[in-house]
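Next up: some structures, all given as C-alpha cells.
Next come two complexes, and both contain chain A; in the first it sits with chain B, in the second with chain C.
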Partner chain A sequence: MEIAERFVSGTIVALLKGKMEADTVPMFERWFDTHMESSIDRVVLDLSGLSYISSAGLRAILAAAKQLKGQRGLAICGLYGMVGQVFQVSGFVSILETYPTVEGALQAESLID
Partner chain B sequence: MLAKIPFGYGIIARTTVSSLPQSLRPLQLWVAEFARCFGMTGDELTRVELVVEEAFMSVAQSAFEPGETGEISFVLEYRPGHLVIAVEDHGLPLDLKQLEEHEGLALNLLLLRNFLDGFSFINRGTDGKRLELVKNIASTSIAAAMEGHQTLDGEQAAVILAEQPQLRMLVPAETLALAQLAYRSYGYTYVNDFYYPEKIRERMEAGLMESCVAVSNSGQVIAGLTLFYDSADAMVAECAAAMVDPRYRGLSLFKEMKQFLFEHARSKGLYGIFSEAVTIHPFTQQGNLTLGAHETGMLLSYVSENVAFKKIGNELMGQRQALVIFYYRLNPEPQRTVYVPPVYAGLISRIYAENALNRQVVEVCEAPDHAGVETRLAIRIRRDTFNDASIELQRIGDDACSMIMHHTRELCEKKVEAIYLNLAMASREAALLASQLAEHGFLFSCVIPELEDGDILKLQYLNNVQFDPAKVTVVSATAKGLLDFIARQYRERP
Partner chain C sequence: MGQTLVQLRCAAVHEQLPAIKQQVCAAARSAGWRSDDLDRLELVLEEAVMNIISYSYGSGRGELQLELRTEGGEGLRLLLQDWGVAFDPTSVVHPECSGSLEERSIGGIGLPLMQALTENMRYRRQHDSNLLELILHKRPTVER
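For the complex of A and B:
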C-alpha cells in the first residue's frame, strides 16, 4: 500500500493506493500516529486508489475516526468497486462521514467551518 | 462460458501453515492460483483473497491463546458447481455462536457471509473445527439468450401434436434445451440452478442428476422430469423438477415421464424413488398412489428446492407448506434391522408394512454406554426463500441431545423457521436420541429408505411457524394416520 498526502487548508488529504489488509495496516497506523503527534485534526482519506480492503483495514480506519472524534474529524471518499462493497455490507458507510469525491469532502468541511 | 476445469471432483489441494500473520499473503496467492483454474478473474479473485484473509484471521485469533501459534490447514475441494475452501484447526474448541461473539471477529464473519455463496461451521470434536467457505463457479445463465422471449400461457398457445412425443433420457450435451424448457415453463421463477446449462451438465456428468425429456416430432424438448441423487453411488433418488411447456399441458406427459423414469431407475438397479407431493390439492398424491407409491411421512412447513414459484389455480408453490413424502419401491433392497424409539415404533412399522420393505424393527429404550465419545455435527443453513437448516450428525456421543438443542436454540434465535435432522436407523444411539429429542419438540417427519447406506429417520423442528392440520389435504388413510400422529405431536410439543 502507498499513501500520497497533500495539505489543503489545514486538512490532510491522503490518497491510499494498493491493498489495505492485515499486512499493510500497520503502515497506515504508523502514518496516522505521526500526524496525530503533529496536532492535525482533520483528515480526508481518498480510497479511490485502493483495490482491496479487509476487516483489518476497516478497523484501522474506524480507530482513526475515533481518535479524531470531537475534533474536525475524518472523512472518507472514493468508495468504488470491491472497496465500496465492503463499506456497504459492513455498514461503515452509515457510521463514517463519507463523500463521493475529495472535493465533496473539502466543501463539506468549509460548510462546517 | 464455464472454464475448462483441470480437476476432477473431490479434494484438489491441501496445505498447512503457521497461524502467524506472515502466512497470510502466500496463502492468499496459493488459493487465488487455484481459483484461477476455475475461471475466476478480476473482482472474483479479489473476493477470494478477501474471504481467505477473513477466515485465516478469524481462526488465527480465536483458535489459539494470545501469544500462542498453531497450525491452520486450508483444503480446496471441487464440488459440482462450487469451489469449497475449508479451513481446519485443532485449536480451542468453539462453536459458531462463540465465534460470532468473540471480540473483534463479528466483522470478519459479516464479510465472510456477504462475500461467499455458502458458509458453514463444522465442529469435529477432538478432530478440531472446520469452516467451509463455498464459492459458486461462474456459469452462463440462459437469461441473455432468452431476453425478449415471452413465457407462454397454455390456454393462449396450445398446440396439437401430430404424433406422440418421444420420451428419452437427456444427454449432457442437451442441457441448454432443458434450461430453455425451464424458462418456457416458469419464466425466471424457478428456485434452483436450472437456468445454467453448464451447471446441469456438470451435475449430470457427476452422476448427481439425470432427466427424462419428452421431445416433439420437430425435435423440441417440451417436458422434463429429473432424478436427483445425493451421491453418484446412491441407491435411491428423488424425483422432482417436473416441467411441461405450457403449450403441451393436458397430454399426461408428467405421468408418462414418471413411469418412464421409474422403469429407467428400475433397470439401473435402484432400490426406490422418493418424491414430494403438495397438500393444497389431492391430485399429485392421487397420481403417486395410482403409480404404486406409498407415503412415508410428511414435512409440515417446507419450501422445496425443486418446485417453482408458479400459480396454477389457487396453488402457489414455493411458499411454506405441508408436503407428503412418497416412496416407490423398484427393486428388492437388502434385509435390514432398524432401531427405532418406542414413541415411533408403531408408526414406522406401519410405514414399512405399507411399503413392503423387508425390515426387522427393534425398539430401543437404552443404548450402549459410549462415555467419552464426542458428538460431531455440521449445520447447514439455507437462507432467502428457504430459511431452513439441516443438522448433520456425523458422530453421536453422550452429549448429542444437549448439543443439538443448543444449536437448535441458536438457529431459532437467528429466526430460522424449520430445522431438520436425519438419523441413521442402523444406529441404536440414533434411536435413543430420537426419543430424547421428541421430548424437546422435534417431531417425526418421515422415513426415507436406503438414503444413506440404510434407512433414515428424518425429524423436523418448527420455530414459530403456525401449522393448521385442517388446511392440509391428504388422500389415503395412511396419510391421514401420519397427519394425525404428527399434528398431535405438534400440539403436545413443549
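For the complex of A and C:
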C-alpha cells in the first residue's frame, strides 16, 4: 500500500493506493499517528486507489475516525468496486462520513458531531 | 467431492498469511476466478486465517491446515482446520451493523463480512480441532 498526501487548507487529503490488508495496515496506523502528533484535526481518505480492503483495514479506519471525533473529523471518499462493497456490507457507509469525491469531502465540514 | 486445488499445513503465524493468500488466489485464478469474485475469496480467506492466527492458540503456537476444492461447476470450497480453542464463528450474533460511530466497536467486523461474502459457512468441532467450511460461488459483477 502507498499513501500520497497533500494539504488543503488545514486538512490532509490522503490517496491510498494498493491493498489495505493485515500486512499493510500497520503502515497506515503509523502514518496516521504521526499526523495526530502534529495536531491535524481533519483527514480526508480517498480510497479510489485501493483495490482491496479487509476487516483489518476497516478496523484501522474506524479507530482513526474515533480519534478525530469531536474535532473536524475523518471523511472517506472514492468508494468503488470491492472496497465500496465491503463498506456497504459492513455498514461502514452509514457510520462514517462518506462522499463521492475529494471535492465533496472538502466542501462539507464534518456535520456529524 | 470436487477437485483439490490447494492443500497446505503451516504454522499459524502472521508471517504465513502472504504465502497462503498467494497460493490460494493463484489456484483460484487458474480455476477461472477473476476480479470481484477473486477479491471476495481473498477477503474471506484473510478473515478466516487471521482469526485462527490471532485467537486460536492464545499466546501459544499451533498449526493450521487449509484445503481449497472446486465445488459443483462454479463454486469453491475452502476448508480450514486448527487445533486451538473451540470457536464456532457461525454462532456469533452480528454486532450492530449500523448505528453511530461511538456504538460501533473495533471488534466484530470480520465475521459479518465472512457471512455476507460466502454462500455458506459451516462449522464443526472434530477431535479437538475446529473445522470451518466456507462455500463461495461466483456472483454477478457489481457495476462500478
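Criterion: the second predicted complex is superposed on the first by the 109 of 113 C-alpha atoms of A that agree within 3 Å, B and C clash if a C-alpha of one lies under 4 Å from a C-alpha of the other, contacts with A are read in each partner's own complex, and residues count from 1 in each chain.
Definition applied: contacts are C-beta pairs under 8 Å (C-beta built on N, C-alpha and C of every residue); 3 or more make two chains touch, one makes a residue touch a chain.
Small disclaimer: the values here were computed from a predicted structure and weren't measured.
> Evaluate whether chain B and chain C can sit on chain A together after superposition, giving fit or clash.
Clash: chain B and chain C overlap once superposed on chain A.
> Given the touch rule stated above, what does A:R59 touch, chain B (first), chain C (second), both, or neither?
The answer is both, since A:R59 touches chain B and chain C.
> Under the stated touch criterion, name the partner, chain B or chain C, that contacts more residues in chain A.
Tallying touched residues of chain A, the top partner is C.
> Looking at the overlay, what does A:I95 touch: chain B (first), chain C (second), both, or neither?
second
> Once chain A of both complexes is superposed, is A:Q67 in touch with chain B (first), chain C (second), both, or neither?
neither
> Just to be sure I read the superposition right, which of the two partners does A:A22 touch: chain B = first, chain C = second, or both, or neither?
Both partners, chain B and chain C.
> Which partner does A:M82 reach: the first (chain B), the second (chain C), both, or neither?
both
> A:S48 contacts which: chain B (first), chain C (second), both, neither?
A:S48 contacts neither chain B nor chain C.
> Which chain A residues contact chain B in one complex and chain C in the other?
Residues 21-23, 51-52, 54-56, 58-59, 81-82, 85-86, 89-90, which sit in both footprints.
> Name, in rising order, each residue of chain A that touches chain C in their complex.
Its residues touching chain C are 21-23, 51-52, 54-56, 58-59, 62-63, 65-66, 69, 80-82, 84-86, 89-91, 94-96, 112.
> Can you tell me which positions in chain B touch chain A when the two form their complex?
On the chain B side, the touching residues are 21, 24-25, 43, 46-47, 49-50, 53-54, 57, 104, 107-108, 110-111, 114-115.
> Which residues of chain A touch chain B once you look at their complex with the stated criterion?
Spelled out, the residues of chain A in touch with chain B are 21-23, 51-52, 54-56, 58-59, 81-82, 85-86, 89-90.
> Would you tell me which residues of chain C are touching chain A in their complex?
14, 17-18, 36, 39-40, 42-43, 46-47, 50, 96-104, 106-107, 109-110, 112-113, 116-117, 142, 144
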